[in-house]
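Each chain carries a letter (A, B, C and D) given by its place in the written order, and its residues are counted from 1.
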Amino acid sequence: MSSTVIEQGTVEKPHSEKNYLNADHTLKSWLLTVDHKRIGILYLISVTFFFFIGAIAAAMIRYELTSPKGILLSSEVYNKTFSAHGIYMVFQFLVVAIPAVLGNFLIPIMIGARDMAFPRLNLLSWYMFITGGALITLSFILGGVDAGWTFYVPLSTISENQISLCLVGIFITGFSSIFTGVNFIATIHKMRAPGMTWYRLPLFIWAHYATAVVVILGTPVVAITLFLVVVERGFGFGIFSPELGGDPVLFQHLFWFYSHPAVYIMILPAFGVVSEIITCFSRRPIFGYRFIAYSSLAIAFLGFAVWGHHMFISSQSAFQGIVFSIITWVLAIPSAIKMFNWATTMYKGSVHFSTPMLYALGFMGLFLIGGLTGLHLASLDTDIHVTGTYFIVAHFHYVMVGGTILGYLGGIHFWFPKMFGRTYSEVWGRMSAMIVFVGFNLTFFPQFMVGYLGMPRRYHYYYFAPEWQIYHVLSTAGSSILGLGFLMPGIYLTYAIFKGKKAGANPWGAKGLEWENCDSPPITENFEKPIIVTGSVYDYNPEEDSKLYEDEDTGMLGGKY
Amino acid sequence: MADHGHDHSEMTKGGAHANHILSERTILIVAGGLFFLMALTIGAAIYMPEPFKGWTIPMQCLALAIAVAKACLVVYYYMGVKFGTRLIKIFAYGGFVWFFMLFIMMIDYTTRPMEPVPGWEKQTSSALPRDTVKNPE
Amino acid sequence: MGWGPFQYNIMPEPASEHAPYYDALFMTITGLAVFFTITVVAMIIFFAARYRRGTKVNRKNILTHHTGLELIWMGVPLVLAFLMFGWSTKNYMAVRTMPKEATEIFCIGKKWMWHFQHMNGVRENNELHVVVGKPVKITMISQDVIHALYLPEMRAQYMVVPGRYTELAFTPTKPGRYKILCAMHCGTQHSEMVGQLYVMNPSEYADWVDKGGNKYKNKPLTIQEAGAQIYSEKGCANCHTGTDNPRAPTLVGIYEKTRKFTDGTSAVADREYLREAIKMPHNRLTAGWENTMPVYGGTLTELQVLQLAEYIKTLTPGKGDFVRQDVKHSTPGSDGDSSAVDIANKGGSAGNAQFRTSEERR
Amino acid sequence: MSDHVAKHGDGPEVYFQYEDIDQQQESYVVGMWSFLVTEVMFFGALFLIYTLYRWKFHGTFFGAHEQLNWKMGGLNTMVLLFSSVMVAFAVHFAQKGKTNKQLVCLGVTLLCAFGFLVIKTFEYGAKFDHHLFPNHSFSYADPEHHESKSWWDEALPAALKIEKHEQEGNPKNARLFYSIYFTMTGLHGLHVIIGIIAITALMVLIKIRSPLITDYIPTELVGLYWHFVDLVWIFLYPLFYLIPR
């Protein structure tokens, strides 16, 4: 990115070694920090923790399903296990992962600001997130929740488990998201550096802006809905209870009013990350900048009008089903735009297969499959047979895990040198990217098949159809590979934080304020001097870049390929 | 950005200054309007002569129209949207427009028979005991 | 059955009229998905390989936007989407329009079993028998939480909602035994809320109806069971409940106990006394009760009296009591057939547990 | 540009992340508005639920609403509207820098907020005594509980009493009505309590001349929040207390 540093007669200060990581070492300085970068790191640690809880639950589920009659768990514990998997993964990991870690860390740097608009609110968000997570964990310690992460009434209102406590935890986590969203919106609107116009913003920022819009418009609705379940359990108010003439399907309407947009909260930031990675490692300006930017907003707004496709068979009227179906089909278009644009971005580029790029390519492949199998579910008729089966499980795992988590891992690898000032081992990185890709496909592709055969989701036993076992065994085998793939970055990245080679300010040769105007790791104020942006954000030159590598390895990270 | 300043595009396009000071006179006039409308809404609901009082839908629309008028007074003047920047206007209108997004749900309820089965009551749908008082057995 | 991977089906057997239409649409959409996946992946691989760093290719005049191209790849998928939407909606309307001439069946979902009620009075639990080729319309309601009646081979699924009737229709085309599943998480034993759908030829079906729709009926009853049946048919339980009451003394534990009579005498309640008390109850009245019991002298055969006496012997406060016969005898799992339902029942779950608790509550 | 160091005692303080005071003030207002959008959606879902069930069970809702005291509701509307006016004045004086007048206005607002809660307590108390709280002891159209006297009703001055109506309609749907009534007014009451905390905090900070409050923006933000609370009540009042037959 071209930008100028304003010289106001001040003499250039000598380069200091202080950065946000070593500015202060006390625990207090971390727990009471208002620095967006430190809060990002706090989020990184906490979401990793919650991810591993969710992953352990997933491993238990997969192990249990290798036998048609179950192995280890009772049905009750099994139900609590998949509920834990869903609740931790959705509310404590997927919804927050990219926005809270990468978004918090990068948004102010990318737009040339010194911090978020409301640093203290940002810290409060993190504390609320932790409180919510602690309450959810407490509810599982005190007895567990067996209603699944969707909490459909009346199951969640008559079940005698710790559902109220868990819902309160989710409510608090929800408000943490809202505050983060408010912060993002105010920051992106008001904190941009001079010259950073809307069309010069990196696509990462556009994606996060769209995400924040979805968060502030959607989250309160699910908060109030879950709150109503709590008062129904606690006081006996019966807003959804059929014996008072209420409608349990209304809960599903309100729940999916948020929870469908919530999948865009998960995937939009990943779109942003992938847009950045693909341009950087294709060494080429992104193709169709405005189309990608506006497709993010289109997804954010249109995504609110499609929630009913989760309810085609839940006794909503056929007419409403048709309305939702057609909007859902239309919603396929913005995602298609992005996909085609990313692919075209590589045309005439200078493509470099570094770890983040491998993750991004894996993301494209998996999201493609996940998105396109969504067509089966958008279609009214085909949805009938596969709703509530493993087909849908496979579909949303392709989108959420294949999309969000690969985007997240790609982003973590991409900005790792910026966050910690060190580089990780490229060999291990590329290996883990490939293992994740292979393991992921092996885990979830058989689930499409067993779902089409009719295996309902959330089933503990399937002894009535032992022929399904082969698919489950394949899936479990894949999940152990996938688990290995997730564990590896955990290990070599942790190693790299302490022992990795020093990375320069811009190890990838990337463009953007965070690479060109900012140290690795950045100083607490992000920039030594205020900056003014004067040009486009993606002015790469693939021709020159490729020439560098024609004859010799210049020693940049990753080398020739 | 010749002035080396911050990007104030949203603000300047609104054509008004952000910290507009509401005059005391305006506050009082708006307050008068609010109290008048409140009296009106009570009058319309309670002291309406009989043939009109029975018209459910027009009366409800009237009550809501008065409420919307009051809301507009508060939002425009007291909350300062009238003098706010374009961005504030977008937020204010956007919030209320998006509220109606929820009403897509009404399509469902108006196009299907939602009549609950008469007399249906089986399981209590709460963790607490309910309906235990009147049990003839 | 084939060899290796080929022995596995990739789709459930299409056994309803709608299934072939369903699969056609499903496969078309899958085809489209595969086509787009291959196109984009090929594009990615081609570009990534050809333009990888260091290759000597033309990188001049890079394209950063091209509205025409964008419109093409917005337009083409949009048209395809509308086509698919039209097709699927047509199918959906066909399958969600309830047939006028249909076998009507009622279904009640509860934790964790399916009750079916036929118009001819037959009740089934976790099983459903229907005739091949005749449309079936199921009207469903749930008793507690939301369930979903899922018949994979029929490509039919719909939710069963408490407090409201929902409907599901299908036309079976192939005789056989198929799955009934619950596809909406409904609590602890959700995965055992399964059953079987029997699609029968008309002759078989007629036979089945003749037997009262009860595959357990032909089995000889034990003497106690026969007694229990008489006990229930004659309505003994109307007066002789589990405890003494103003109308009649309880029969629980009565056998070989000493009974006091209104005339001051007493006797041991052996088989002879029981016979007398059934056939000529007015002879000796138990102290504390009046002569209200009908005389069964002419209505019960000697064999039936014997059976009844044997049944009365088994009555204890904890066990046996006054079970409605229809429920007891249609309890699945009482013969050796190891159907899915029975396995579930033997596991001490699903149906059995459900019945026990509901009966005790009565 | 580089003089973003906070200057105490010389006009409003600019926090380190902002370039200038304009940017800071605008950011705060934008943040508050996006939070208010959230609040709109928060109550929006409840208004949707209300609309749906009211449309479904209009007869019973009409019958049930006649148990609510519209005079008390009207008084509460008046109290809230008056407090809103006071907040508007508080912001006005804050902008002009008249701290004492500002504090008086905020104090009156605080009084109004407490008054609102007191009136609400009288309403809730009567509902409890008449077994109209929608928990397991709920009882509707039952003479025994309907006729029972409530201290909260008796204690009212005559002008605020309404004539006792028969409890008409389906008791189940009436319970739905009261569920919605208590949820919505309860949440609104919770917002009033949060407002009280915010106003109190603001007054204390102004009083002790805290460095946190160097310009009118905090007052403006609290004012925006309080106006929103008022706004919700403006709709709740006709929807619950003034249902036409």
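Operating definition for what follows: a contact is a pair of C-beta atoms (placed from the backbone, for glycine too) under 8 Å apart; a residue touches a chain by one contact, two chains touch by 3 or more.
Because the structure is predicted, anything quoted here is derived from the model rather than measured.
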Of all chains, the one whose CA centroid lies most distant from that of subunit A is C
Ranked by contact pairs, first place goes to A-C
Rounded to the nearest Å, the gap separating the Cα centres of subunit C and subunit D is 51
Whole-angstrom distance, CA centroid of subunit B to CA centroid of subunit C, is 48
Between the Cα centroids of subunit A and subunit C the separation in whole angstrom comes to 41
Whole-angstrom distance, CA centroid of subunit A to CA centroid of subunit D, is 36
Multi-chain touching residues of subunit C, meaning two or more other chains, are 144, 162-164
Residues of subunit A that touch at least two other chains are 6, 153-154, 158-159, 189, 217, 221, 235-236, 238, 242-243, 245, 247, 250, 254, 257, 315, 318
Shared-interface residues of subunit D (touching two or more other chains) are 1, 19, 23, 26, 30, 34, 37, 41, 44-45, 48, 52, 56, 135-136, 172
Counting only contacts in the complex, subunit A reaches subunit D at residues 6, 8, 10, 108, 113-119, 121, 178, 181-183, 185-187, 189-191, 216-221, 223-225, 228, 231, 235-239, 243-247, 250, 254, 257, 525, 529-530
In the complex, subunit C touches subunit A at residues 8-12, 22, 25-26, 29-30, 32-33, 36-37, 40-41, 43-44, 47-48, 51-66, 69-70, 73-74, 77-78, 81-82, 84-85, 87-89, 91-93, 95-96, 144-146, 148, 150, 152-153, 155-159, 161-164, 166, 179, 181-192, 194, 340, 343, 349
Residue positions on subunit D within touch of subunit B in the complex are 1, 19-20, 22-23, 25-26, 29-30, 33-34, 36-37, 40-41, 44-45, 47-48, 51-52, 55-56, 58, 70, 74, 77-78, 81-82, 84-85, 87-89, 91-92, 95-96, 135-137, 139, 172, 216, 220, 223-224, 227-228, 230-231, 234-235, 237-239, 241-245
Touching subunit C in the complex, subunit A uses residues 75-76, 79, 146-148, 150, 152-155, 158-159, 242-243, 245, 247-249, 282-291, 312-315, 318, 321-322, 325-326, 329-330, 332-333, 336-337, 339-341, 343-344, 346-353, 361, 364-365, 368-369, 372-373, 375-376, 378-382, 384-385, 387-389, 449, 452-454, 456-465, 467, 470, 542-543, 545-546, 549-550, 560-561
Per the touch rule, the subunit B residues reaching subunit A in their complex are 1, 4-7, 9-10, 87, 98, 101-102, 104-105, 107-109, 111-112, 114, 116, 120-128, 130-131
